[in-house]
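Here the chain labels run A, B and C in written order, and each chain numbers its own residues starting at 1.
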């Protein structure tokens, strides 16, 4: 049985009177691609934000590789080996693509970081645009850049927030190939997605959230058939 | 949509531009160093003031231009440096170079205090908090009059020669430029730019944004503190209204933004161009001059947000990254 | 040592000043809530209102309360013009752009005022003397000022709640996209909003003209105080603006009493830093914006 890389226990988060997370518990197995789905308002993005340290839970804990993540600042969590991409692309527009990558470099000499940055840019086929202002790149190119930038510090856990959003078929194929390649390298990936095809084809495991907690989980084929999922999305 | 811009040949090739700038810089430096031997007192006076603003604009640029956290009360550090100097020299008979250094130290301490409270928040909260800083300090100095002399200010022994002020301020300006340059070339500087361009993403890449912002703020306060001290010594008299004037913050901000925020040479260029222009206008119309500053600020934000250097870079006149 | 009557007087006096601060801050909160613009020129609108009132009084003998009829529309139009010419170009841009632009505008206004009206301290000798209530004396000017402030604020609330344009403004504040989808002309809403914010500040300025003395550079002080109030109460909350205003007024009064009269405007600063330290979203503010 693959061990759990990330364990979330009884997480609670309230905004005003609304409970975005209401006792959410789940485990993410090492080396898997786990899909996180659920209707809007089920708490997926809130969960991501809490794992990354962008917000603090009102109750519950988050454990990653034996370390508690809740109540730590984002940069500390990143340094423990967690990487994230965002729903709305967050490249650094005024900096060149290469500088975007270099900004993410943590250790090693300038030369080593530069070599790694170029390597990753090649991985996503952006080498020839390395001197271009990130803000001038096309949407798809920015998405790839953000993806590559996340990999600079070689994180063990990747949190991808709607990677398929607004992406054309060709680019999507490339992205999915990259994600699979990363899984081969032993990385653990959690994806929040609305595109069911992506989820079903890519993920090893799917967690369904509803109303701030885990509704059910299982392999994609099983989850797809479960009537509770349909009800969660369309029922009410 | 995006084409690799290496196709377009900028008018100034990177290698040539670097050589040109190095030569120009060397010549200018030698000229300025030698000036007291042949320049008039008036010229030296103007240059001393220009050095002061180069120092201020370059320092302001570190927190505002690189990091994107606009400091609207930066004059507080300038004034604090001046008062520290004045008090140490008149009450404690401290040697003036030490008192200048002390001005820098105290300014840095103030930056640390304000930074620790206000930098944990987002950019606009910080800007608002600094908006009142200069005024708060002015009021504090006015109120604490048994120590500071209140509205009467502090009179200092006049300095009979210009040379020490000239080279002193030139050194302070060089220090500011050096700091700016060191920041721009370092990993730290890249982190600051990342914070400006996307603070949340920067945090998620492992950048300790709060610590970086704090260091940037402190670094941006050191030189203004020393410049304030030297300025006080040069003028021979300091009082709250003029040493904490909002105008000073406006000037350093406009100079830096006009030249190009987040670059090393931007503040220098902006100061040189606008300060000289200001000299022509000031003598005649005191209020018009300030009014023009406000207008220039508005125009910069609307028409050339990246400053003159940014404009030239975008138009392809100079290659990207030459002056960063 | 200090008679309780004296303390009570200071407390109430501070609260009365606070009422005007609250009015001041409401315009700021309105502009921020709807347009996400940080109007650093807000204090200058106040000063313009004060000068309009002053000159109406000096030249035509118009009572300040009557000249509200002048200051409010003048500032309203001025605000709208400013919005169309300058502000609307920075609405989408990073927030600090709007800050800088407003800062530039405020400098321009202050210096025009300095040039035409000089830096002399002005005040209108109107409603001088005090009102005696139960053995306590309150400045008549302040009492009338605060009553007017509350009336204006109430009118403003009524407009927001029931007026058609008021509802459009509230809708746009919630979500500009949804409002646009509902057929609301967002550009026009922005223009009116900025004008309204300026008008509220101008009204406050009229009240200030006979409650305190003023001069062109005081704009910065009023801007800063409005920010202190808005941050104290929470950005985007009108109730917060009221609460914040009262607290600031009270704090100023008390520190005059217990600390020193020279502390003056520094109180706003200390309060601001304290609130940023302890509870940055303010008393009634929502979770980060």
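Just so it is clear, a residue touches a chain if its C-beta (ideal position, glycine included) is under 8 Å from a C-beta of that chain, and two chains touch if they have at least 3 such contacts.
Bear in mind that the values here come from a model prediction, so they are computed numbers and not experimental data.
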Farthest from chain A in C-alpha centre terms, which chain would that be? C
By number of C-beta contact pairs, the top two chains: B-C
Distance from chain C to chain A - Cα centre to Cα centre, in angstrom: 45
Where chain A and chain B are represented by their mean Cα positions, the distance between them in whole Å: 41
Averaging over Cα atoms per chain, report the distance between chain B and chain C in Å. 32
For chain A, residues that touch 2 or more chains besides their own: none
Using the touch definition up top, name the residues of chain B that touch chain A in the complex. 1-2, 4-6, 187, 190-191, 193-194, 196-198, 200-210, 262, 306, 320-321
Looking at the complex, which residues from chain B come into contact with chain C? 68, 70, 72, 114, 117-118, 121-125, 127-129, 131-133, 135-136, 139-140, 142-143, 246, 250, 253, 257, 287-288, 290-291, 293-298, 300-302, 305
As the complex stands, chain C meets chain B at residues 38, 40, 86, 89-90, 93, 95-97, 99-101, 103-112, 114-115, 217, 220-221, 223-224, 227-228, 231, 260, 262-266, 268-270, 272-273, 276-277, 280, 288
Given the complex with chain B, which residues does chain A contribute to the contact? 52-54, 73-76, 78-79, 83-84, 86, 90-96, 99, 102-106, 110, 128-129, 131-133, 136-138, 141, 146, 149-150, 152-153
